[in-house]
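Structures follow.
Here come two complexes built around subunit A, the first alongside subunit B, the second alongside subunit C.
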Partner chain A sequence: MRTATYFLPRELHPAAWWLWALGLAVAASRTTNPWLLGTILAVAGYVVVARRTDAPWAMAFRMYLYLGAAIVFFRVFFRFVFGGAEGETILVRLPEIPLPEWAAGIRLLGAVSAESLLGGFYDGLRLATMVVCLGAANALANPKRLLKAMPPALYEVGTAVIVALSVFPQLAESVVRVRRARKLRGGGGKRFHVLRAIMIPVLADALDRSLRLAASMDSRGYGRAGMVDARKRLVTGALMIIGLLGVCVGVYATLDGSTPRYLAGPFLAGGLVVGLLGFRTAGARVQRSRYRPGQWNLAEVVVALCGIAVAVVLFTTSSVDPTNLNPSLIILSWPMLSWAPLCGVLVGVLPAFLTPVPDTEKVPA
Partner chain B sequence: MGFAPSARAIDHGKGQPGFCTSPTGVTVVVDFQDLGGTTIVRCYPQGTRGTGLDALKGAGFQVAGVARWGEAFICRVENRPSAVEVLPIQGREGYRELCVDTPPAAGYWSYWHAGNNCAWTYSQWGVKNRDFVQGGFEGWTFSLNATADSNPVPRVAPVRPGTAGQSCVAKEEPKPDTDDPNERQVPAAQTPLTQRKPDPTTTTTAARETAQPVPGGQVTPSSGAALPPPMPRTVSAKPDPANNVAFTGGEGAPDVNEVLADQSGSSPLAPWVAGGVVLLLAAATGYTATRRARARES
Partner chain C sequence: MKRDWGRADQAVRVGPRSAAVLALVSVAGLMMFIWPLLVRVEPQSMQHGPDAPFVFMGVLPLLIVIVLAELSEGGMDTKALAMLGVLSAINAALRPLGAGTAGIETVFFMLVLAGRVFGAGFGFVLGCTSLFASALLTAGVGPWLPFQMLCSAWIGMGAGLLPRRITGKAEIAMLVGYGIVVAYLFGLLMNLWFWPFITGVEVPYHSGHISYVPGDSVWENLHRFLVFTLLTSTAGWDTGRAITNTVAILVLGPAVLATLRRASRKASFGVLPTFGLPRPDGRLTGPLGLKD
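== the complex of A and B ==
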C-alpha cells in the first residue's frame, strides 16, 4: 500500500525543505502585517521542531531566533536614536543632540512617535521573519545531502554555494558545541573571559570545519579541472557567474515591488539563458556517477507545494488587495487582516503533519 | 499597545465644513477631478502659522503619505485613489496606487495655493516646507494624464463668500533656491492684510523641467535620497466663483476605516484567529520540543 510506506520514517530531500522555506520567506517579504508575519514565524517554528533531526545544524535553529530578535530590537532602537518624529502620536520627547551644519538632515534623539517606532518594528519583523525562514531551511535540510543532490553542471560553483550556505549553520553549530563543552567542564569566569573562551574556539572550529569540507569535496572531485584547458574554464566560469548575477538581480526586482520593472523580467530571463549556457558547457564535460541519489517522492512534492502555495497566495492577494499587507502607519490602528492571506500562510504548517518523521528519532543514540 | 481610536474620513472634530468666513484660517479645497467624487471644501480656522500639511489635516481631511517619504508626499486624500482602484494611466495599464514609492507623474495629487481673490498657483514647495496663507486657500487636485501645462486647477474659485470683487492681496511666494528637500520657506513677516500690496496675477515661467511631481519636499532624515524637484509652476486665470463646480463640506463622508475594511475584505475576526493560531502553534512547539529533548536524553 502506498499510504503504508508514505509515513515510514526517512529524511526528506533537502531541496524540498529549501523550496518550502523559500516560499515562506518570499511570502514574508511581501507583507509588513504583524499578524501575518507572526503566523509565518509560528508556522516555521512548529514545522522545524516537529520535523528536524537531532543533527547539530538542526539544533542551531534557536540561533536564528536570537538573530531575528536582535534585528527587530535594532530596527526599533535606531528609530529612537535617529529621529522618529514622523507621525502625530509622540510617545517621549528625548533631549535632541544638536549637530553641526554639515550634518543637516540627521537628527539625534528628539521626539519619538508611536508611528515611527511601529514602522521600525514592522520592518524589522519582516526581515527577522525572512531570516528565521532561512534558518528553518538550514535546520530541516541536511547540507551534506544538498551538496550530493547538486546537478553536475553546478559543480563549478556548487562548492562555493554550499560553503556559503553552510557557513552560518556551522557557526551556529559551533556555538552550541562549544557552549555544551563549557557547561560539561563547569566553566564559569568573568564575562570578558567567557566571551574569549567561546569566540575563539567557535571561530577556530568553524574555520577547521570549512577547510575539512573543502578538502573532502576536493577529494571527491568537486571543482576539479585538470583535463580542461584554461580558456574553456574561463568562459564557463564567466557565463555562470554572469548568469547567476542576472538571476539574482531579476529575482530581487521581481520580489521587490518598488524596483523598476525593466530590472525584473529581462534580467531574470537573460540571466537564466546565460546561466543555462554555462551549465550546458560545464555539464558536458563533467561525468560522475552518484551513489544512492536522493529520493524525490510524494512527500517531497507535498512539502515543496506547500511552500510555493504560501508564496503564491501572498503574491496574488497583494496584487488584488494590498490594503492589508502593508498596514498604514499614518492613522494608528490595529492592523486589519483578511482571511485569504491568513489561510494561505497556514498552508505552510501542513508539512508538520503530512510528512514522515525523520528516521534519526527511531535510532537509539 | 494602546492605539488611538480610528479616525474618520472627515474628522468632524477638526475644521469646519465650507469656506472660512473670516480672514483667520485657511480654506482647503479637495478636487477629485477625473477620479470622480464631489469636491470638498473645508476650513482650518487657525490663526497661527502652520504648514500646508497642518492645514490639510487640520481641516479634517484624512490623508496618506507614501511609505518612502512619509507624509511629505501625499498619495491619498480621503482614501482616493484607493489601493483597489485601477487608475487609467496612459502607458501603465492596470496601475494601482499602493502608496509605496513616489506616484507617477501621470497620476498624483497636485498641490496648489492661492490668496483670497487670487489665482490658483501650483506650489513650488513641499507640503511640509511651506506655510499656508492666512485667509487664503490650499488646493489639492488629482492630476491624471496631465502634463506640466495642463495640470488641472481646482475647480472652486479661491474667493471667500462675501469678498468677491476685492483685489488679490497675497504676496507671490519665492521659489526654493536650492535643491535641498529640507529647505523651508522663510516665514514672511506677518504684515496686516491691509498693508499688503496687491499682486498681479501674471504667469511665472517654469523653473525646472522634470518628469516627477512634487506635492511634498521634505525627506525623513533616515532616508538618504532626495525627493524629485518640483514640476513647473502654472497659474490659473482670474478666479470667478460663478464657474465653481458643485461641492460639499464633506459632512456626509463615510468613515475611511470602514471603507478600508470593506475594500480589503478584512474580517474583524481574522486577527483573533491569527493570534489564536500563533499561541496554539507556540504551545505545540514548546510541547514537541520538550518531549523530543526528553526522548533524546533518555
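== the complex of A and C ==
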C-alpha cells in the first residue's frame, strides 16, 4: 500500500462512518462520566470538522449539537420543576406549588438538591452524546451512497426512497408552475380555497409523473420480480417467522425480571440471527449488477476499526473499573478519570488524520 | 368485494405470511414502546432494567428491515414503487411546513388518505419510507427514527384497514375521527418510549414524582406517565396535531381522495398488461407502456 494512493482525495464508504459513529455512541452509552463524555463529543466534533464536505447534510451537524444541548437543559430543568429534593446538599428552596387531587404525589418546585441536578445532568449528557455521535455519522456519510449500498432484500424499498429523494426538488418547481398559472388566470379566493387550488394540481402532477416514471422504469427492467421457487420462499418465510417469535419472547423476558434469564438475551439474539438469515435468503432473489459499487479499502477498515475499538475499550474497562465510568451520586465528589478509557476514546480521533480528505471538486453523487 | 388481505388490486399485497410477520413485528415493536409499563424487576437485577431501552434502540431497526423485506418479498410492482417514492417525497415536503409551530404536524393526513386508498400494506410501507426519506432530507436520523417509522407505519396500515363500504361524507367523518385518535395515540406512544429518558429513571437517590419507577406496578407507572404527558404535551403538541389532521382532512380530504383514486385506477395495480388477446399458450407478451 503506497501512501500516495492511500491519501488520494476520495469519499469514504458511508457504512465505514456509520460503524465508527455507532462505536462511539455505544461507548457513550456505557458511561456517565462527564469527562469521558466530553472527550467523546470533542472527538466526534473534531473528526466531523476535519472530514466533512460542504454538502447540505454535512452542514446539519450544528442542529444535532443544539438538540443535544436541549436534551441536557430539559433533563436538568425537569429536576427543578418537578422537585428534586433527594440528597443531602440542598442548593435552593423554591416555594412549593400545591396541586389538585388527581395529580396525587406530584410536587411542583420546592427544594432542589445538588445530587438530583447532577444526576439529571449526567444522564442528559450521556443521551446528548449519543445523539451527537449519530449526527456525526449523518454529517460524514453521503446518504445517497448509503442507499446505493442497501442490502438486496431491501432493493424495492431502497428504490422507492431514491425516487422520493430525487422527486423532492421537482415538487418545488411544480408548486411554482401551478402558482404562476393561477396568477395568469387572476384567481383569488379564500385561504382554504387557495390551499386546495395549489395542493391538488401539484398532487395530480406528481402522481402523473409517478406513472410516467413507472413506465420508464419498466422499460429499463426495474422492479422485475425475480424467479424464486416455492420451497425457497417457504424457507424464507419460516426463518423470518421463527426469528420474530424468538424476538418477541426475548423482548418480553428482558422486561420481565421474574422469567428465567436464559429466555432473555439468548432468545433475543438468536431470534434476530434467524430473522436476519431469512432476510438474507429473501435477498437471494434479487440479482442485479451495481453501477460503480462503493469501494471498501484500507481507509474504510481503519475508520470502522477505530469506532469499534472505542466501544470495546469502554466495555472491557467497565467490568474492571465501574466506579469511574459511573461516578457516584450519593457522595458528591469530582468524577475521576482513569487512563485506560481516556486513551480508548482518543483512538476515535484517528480517522481525522488517517483517512483521505473528501473530494470537494466533484459534485457529490 | 373480499377482505383487504391480499386483494389482487392492491398496490402492496399482504398475504397470510406477510400478515403473520407484520403481526409479530407489531407485537415486539409495541412491547418496545410500552416497556416502561411492562418492566417487572427482581430486586437483584435492578441495575439491568435501564439497560433494556438501549438494546431496543438497536433491535427495532432490524425488525423494521425484516418486515419491509417480507412485504416486498414477492417483488413489487414498478407502479407501486414509483407511487411510493412520489408520495414519500410529498410527505417529506409537507413535514417541514409544520415544524417549529407548536404541534402542527402535516405529515399524517396524507398518510391516512393514501393508506385509505392504496390499502394496508402500502400504508405500512409508505409510513416507513416517508419518515425515512424526510429524515434523510432534513438530516433527522437519530435513535427516535425507528420508533417514528413504526408508529407512522401503523397509522398508514390502520387507515387501510378501516371498513371499505363507507363512502361519501361518512367516509370523511370516519377519516377525521381516525385522524384525531391517531394524533393522540402517536403522541402517547412517542412520549411513553421517551419518558424514562427525559425525566430519568427512579433510583434510590432521586424520586422525581413524574419519573418512571422500574418495578412499580403498571397502574402506578401509568398514572405517573399520564400526568407527565398531560403536563408536557397533550395540551400543546397532541391537540395541535389533532386539529391539523381534522382541518386538513376536512378541507383537502375529498379532493385528495378523488385524485389518489384516479391515480390508482390509472395505475391498475395487479393487472398484467397484454397486447390484444393473450396468446393461446397463456404467456404474456410483455409489459405495455402506460398510456398517459
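In this text, the second predicted complex is superposed on the first by the 238 of 365 C-alpha atoms of A that agree within 3 Å, B and C clash if a C-alpha of one lies under 4 Å from a C-alpha of the other, contacts with A are read in each partner's own complex, and residues count from 1 in each chain.
The definition used in the following text is that a contact is a pair of C-beta atoms (placed from the backbone, for glycine too) under 8 Å apart; a residue touches a chain by one contact, two chains touch by 3 or more.
What you see is a predicted model; the values in this text were computed from it and never measured.
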item: Touched partner set for A:39, first subunit B, second subunit C, both or neither; value: first
item: Superposition-derived comparison: subunit B or subunit C, residues of subunit A touched; value: C
item: Partner chain in contact with A:215 - subunit B first, subunit C second, else both or neither; value: second
item: First, second, both or neither for A:96, with subunit B first and subunit C second; value: neither
item: Partner chain in contact with A:334 - subunit B first, subunit C second, else both or neither; value: first
item: Subunit B versus subunit C as contact partner of A:359, first or second or both or neither; value: neither
item: Contact residues common to both interfaces of subunit A (with subunit B and with subunit C); value: 78, 82-83, 86, 104-107, 257-258, 330
item: Touching residues on subunit A, where the partner in the complex is subunit B; value: 35-36, 38-39, 41-43, 45-46, 49-50, 54, 78, 82-83, 86, 89, 104-107, 114, 257-258, 320-324, 326, 328, 330-340, 342, 346, 349, 361, 365
item: Subunit B residues touching subunit A - in the complex, by the definition given at the top; value: 3-4, 6-7, 62-65, 67-68, 70-71, 82-84, 96, 98-101, 180, 182, 219-222, 256-257, 260-261, 263-267, 270-271, 273-275, 277-278, 281-282, 284-285, 288-289, 292, 295-296
item: Contact footprint of subunit A on subunit C as seen in their complex; value: 17, 20-21, 24-25, 27-28, 31-32, 35, 38-42, 45, 48-49, 52, 54-56, 59, 62-63, 65-66, 68-70, 72-79, 81-90, 92-93, 125, 128-130, 132-133, 136-139, 141-143, 197-200, 203-211, 215, 223-224, 227, 251-252, 255-256, 259-260, 262-263, 266-267, 287, 289-290, 292
item: Complex contact set, residues of subunit A against subunit C; value: 29, 56-57, 60, 63-64, 67, 71, 74-75, 78-79, 82-84, 86-87, 102-107, 115-116, 119-120, 123, 127, 130-131, 134-135, 137-139, 143, 153-157, 159-165, 167-168, 171-172, 192, 195-196, 199-200, 203-204, 206-215, 217-219, 222-226, 233, 236-237, 240-241, 243-245, 247-248, 251-252, 254-258, 268, 272, 275-276, 278-279, 282-283, 285, 329-330
